[in-house]
Amino acid sequence: MAFDIEKIRNDFPILQRRVHNKPFVYFDNAATTQKPLRVIERMDKIYLETNSNIHRGIHYLSDVSTRQFEEARETVRKFINAGNDHEVIFTSGTTAGINMVAFSYGEKYVSEGDEIIISSLEHHSNIVPWQMLCERKGASLKVIPINDYGELLIDEYEKLFSSKTRIVALTHVANSTGTKNPVKKMIGTAHRNGVPVLVDGAQAVQHGKVDVQELDADFYVFSGHKMYGPTGTGVVYGKESILEEIPPWQTGGEMVDQVTFGKTTFNRLPFKFEAGTPNYTGVIGLAAAIQYIEETGLNDIASYEKELLDYGNKRLSEIDGLNLFWEAENKISIFSFILEGIHPYDAGMIIDKYGIAVRTGNHCAQPFMERFGIGGTIRASLVFYNTCEEIDRLCEAIEKVKEMFS
Amino acid sequence: MAFDIEKIRNDFPILQRRVHNKPFVYFDNAATTQKPLRVIERMDKIYLETNSNIHRGIHYLSDVSTRQFEEARETVRKFINAGNDHEVIFTSGTTAGINMVAFSYGEKYVSEGDEIIISSLEHHSNIVPWQMLCERKGASLKVIPINDYGELLIDEYEKLFSSKTRIVALTHVANSTGTKNPVKKMIGTAHRNGVPVLVDGAQAVQHGKVDVQELDADFYVFSGHKMYGPTGTGVVYGKESILEEIPPWQTGGEMVDQVTFGKTTFNRLPFKFEAGTPNYTGVIGLAAAIQYIEETGLNDIASYEKELLDYGNKRLSEIDGLNLFWEAENKISIFSFILEGIHPYDAGMIIDKYGIAVRTGNHCAQPFMERFGIGGTIRASLVFYNTCEEIDRLCEAIEKVKEMFS
Amino acid sequence: MAEKTITEVQDEIIEEFEIFDEWLDKYNYLIELSQSLPGIDDKYKSPEYLIEGCQSRVWLRAEMENSKVKYTADSDAIITKGIIALLIRLLSGRKPEEIINTDLYFIDRIGLKENLSPARSNGLVSMIKQMKLYALAYQTKSKNE
Amino acid sequence: MAEKTITEVQDEIIEEFEIFDEWLDKYNYLIELSQSLPGIDDKYKSPEYLIEGCQSRVWLRAEMENSKVKYTADSDAIITKGIIALLIRLLSGRKPEEIINTDLYFIDRIGLKENLSPARSNGLVSMIKQMKLYALAYQTKSKNE
């Protein structure tokens, strides 16, 4: 097998630890991922050897730091195949990125009576900023409905457009279900209606090749910490033509060109959108994570994760009294399920005791859960450092849970 | 001497390095500070052993992570003596913090014709967000003038208040000059006029004890990376009574209570203002930095830094053709100067060659520089790991610069 | 009948749990306890009595009977319900003063701390807070009367 | 007079700098060069000819003379001015095509890379860009004529 899982697991030191005196199984990857040693060491090296604030500094280390930061931008550009470096804006995470776009785009293009389309599969972070925008501007939300597999109803989507539609905000991959949405096609539909699209890629970039130009996404947003990078980092890709048009969101040091008390003019892209000292250590760590992903190979990652998905689906569906939700055609290896008659919290508490980290609850997707009349599920989200043996261990733990609460 | 400078310098590994084959002298501390080993190790430990997303997770590491994050909040609370943990909001930096307040407070309390008071000493990050707010709302800025020493004119300040004044935004210590403003007195004046005050503490918290309750500040904002902590971290202290009243800024995961497509209700403080996955690794690292500062002792730090200031003032004023600016009564150890007939850029390039990191330019305070008719200065900003010998080395380098450009 | 103090009952519970070496036995005991909890009438399972908490829902009611606070409570999660049973055993039927001032150290000592972590959001932390608030409210009320 | 190519002049400059072991001598040479630069008339030191750059200011003008681009430039910082002198020596009086396509490798080779770092913001990076833009503009113009 080309995919050397043992080597990979050794790259992630935390996977070697024990929890509750059991080997640690980390199945909470949709919440955040673990970090390969090289990412940790990359950031250490900065603090131990080169740390200095970036941009406009005249001294040696400031120069080193700035180059590393701008090289990281180029690494991200290549990773998502953006056309230009300055279309890559660094933020503190997906939530911050969506807030940025909702504010900046909203200030310029959304006014009373306008409409914004989102989907039923969105994370709260891709719902609430649009709600707030609607509230501020007197606009309204239209929601793309789903079927019972947790798939968007594309026909219904097309019907939501009107002359009032100003933007579509859509997740690439849903964090509650793992469903992959046909974003390319959906962007095409939006563009035919003259409407730009923001894609929430928080659960997508780490699982398969994303090409923002091929998708023709107007905005593409994701978090570093969910793709094996550090916390406090994130990216907004935006098309130059739109980024030039919309006003900045945060303002302050470095993103300005000229400041007088009367009037301020803004710096060019990408700086216009990067106010204040960026998390440059984090960003450089993120570039190291991307290099790690690329060396491992996104195609290999995707096909190994598909194996995990198939094996997990098979094993979990064999368990009596386990309801596996949303087995969409096209999805990443997220398993969302409930055990009949057992509260997810009770199950989660016991599964934890076997050293297995799963998440329980509504996964920041309340409206979605309500659509299915459930308060929450148990969610196991797997990535390429997980194994089929770990899935077996989860199944064993589930059997124990059933015994206890029978 | 109680202050063991040798031990302290050993705590900061980067200070041992060489630059251009000379021992490294880091005098760019106002831009960002170096990190003690313990901060680096604290964050490593997280990524190597306990990394997990915080809040609402049911499994063991999520619990560990959440506790560490909330303990960090308590560490910050104590450090600035806030009344309550939930008055401490984590952000990505000072700029983000000021933007948050300008938006949230502005949405609720600022409308057409209103006035906002700032000072002539502000960093761009405490100017531009207020300008943007004024532009959005049709309000206007009033600016507190200064004297030639770079000190605010308190009498003029008092005259700026009117029934239309909604907030005062004021730096505690100015980054361009090092001037310490009499914020307590100035907050008193504002409160007598029924106006709340935001204090920009980015250059203050690391140089002496700040007690937000004693100051009676309504908001107090600072950055982690300028106080020996990691990049991508920052704090907004806000009085509970105001934080409860004003709307959230960023919205999304974790900061909501209930979400439906129709309406969203927000979580309680402090979560209402912490949308998305916070930079929890950074925040825990920041807490380690605060512990380091507290063990070193803020009083000892302040008196040692005063020695550096006095020594530097003496040595630099002995240099022919060196104009030292803004020798305010009350200031931190920042030296801002120009060399007659020599461009700061030329000087800075040569000083760098001697392994000394200084900053040249307008230090993100353009309006301030314009007031003095200069394009920029050379700025050396020192902290407690710097030494008098390093000041001597700067003086030698300045002599070389003078020779070269004579 | 000389009533036991809260401290005495806490020590009793700690002793009961001491025989369990394993978390499994502790949790099984909690499940057992949950079955003994009378719970709450469905009509009270309304937002009015609901305690916030994202993972499991907890409902709590309090009444005053002969200067003592009587609690009834319930949850949709069984482990949570088991702990509620312990809390009711400890606090229900006590004078407000006693409840307000008590320090619940048993949770730590019997190794169920994780269930009272604010991070777990099972509603128990808020429930204890609410129990004390009820007690405080009754105390204030009786003083004013 | 067979004119030297840009490449030839770059190699010449590299050779000139090779005799300097020390950065100090290199910078002293740059200072010397800065003095030989005619600079720019004060009336052209206007925003129109100013190149953005936060640390030192750079002014640049271009004219077309006999199908060749003639540059004049100046800066308020001496080191910047010294490098400008090298750039003018290299590019001024050349045909647009030559300027547009040239790869300025000498900067790296003579050990002045730090002066062309975008981080230093001395305006030189923008200046080179602007020099090429002028050349491009003249080329397009002459084609259209």
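Letters A, B, C and D name the chains as they come in the text, with residue numbers starting at 1 for each one.
The criterion applied here is as follows: contacts are C-beta pairs under 8 Å (C-beta built on N, C-alpha and C of every residue); 3 or more make two chains touch, one makes a residue touch a chain.
Remember, predicted model here, so these are calculated numbers, not experimental data.
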Study note, to complete from the structure: Chain-centre distance (mean CA atoms) for chain C and chain D, in whole Å, is 79
Study note, to complete from the structure: For the pair chain B and chain D, the C-alpha centroid-to-centroid distance in angstrom is 39
Study note, to complete from the structure: Chain-centre distance (mean CA atoms) for chain A and chain B, in whole Å, is 31
Revision key, fill the gap. For chain A, residue numbers touching 2 or more other chains are 20, 56-58, 60, 62, 345, 348-349, 360-361
Exercise for review: Mark out which residues of chain C touch at least two other chains, giving numbers and ranges.
Suggested key: 54-55, 114
Practice item. Could you draw the chains as nodes, link the ones that touch, and say if you get a line, ring, star, complete or other? Key: other
Check your understanding: What chain-chain pairs meet the touch criterion?
Key -> A-B, A-C, A-D, B-C, B-D
Review point. Hey, which residues of chain C end up touching chain B in the complex?
Key: 52, 54-55, 114, 117-121
Review point. Which part of chain A faces chain C closely enough to touch in the complex?
Key: 20, 342-346, 348-350, 353, 360-362, 375-376, 404-405
Practice item. Spell out the part of chain B that touches chain C in their complex, as residue ranges. Key: 54-58, 60, 62-63, 65-67, 70, 257
Point to revise | chain B-facing residues of chain D, complex | key: 23-24, 27-28, 31, 54-57, 76-80, 114-115, 122
Review point. For chain B, which residues are in contact with chain A within the complex?
Key: 13-14, 17, 19-20, 26, 28, 31-32, 34-35, 39-40, 43-44, 47-53, 56-62, 92-96, 98-99, 107, 123-129, 131-132, 136, 141, 143, 223, 225, 230-233, 248-254, 256, 258-261, 263-264, 275-282, 345, 348-349, 351-352, 356-361, 364, 366-367, 370
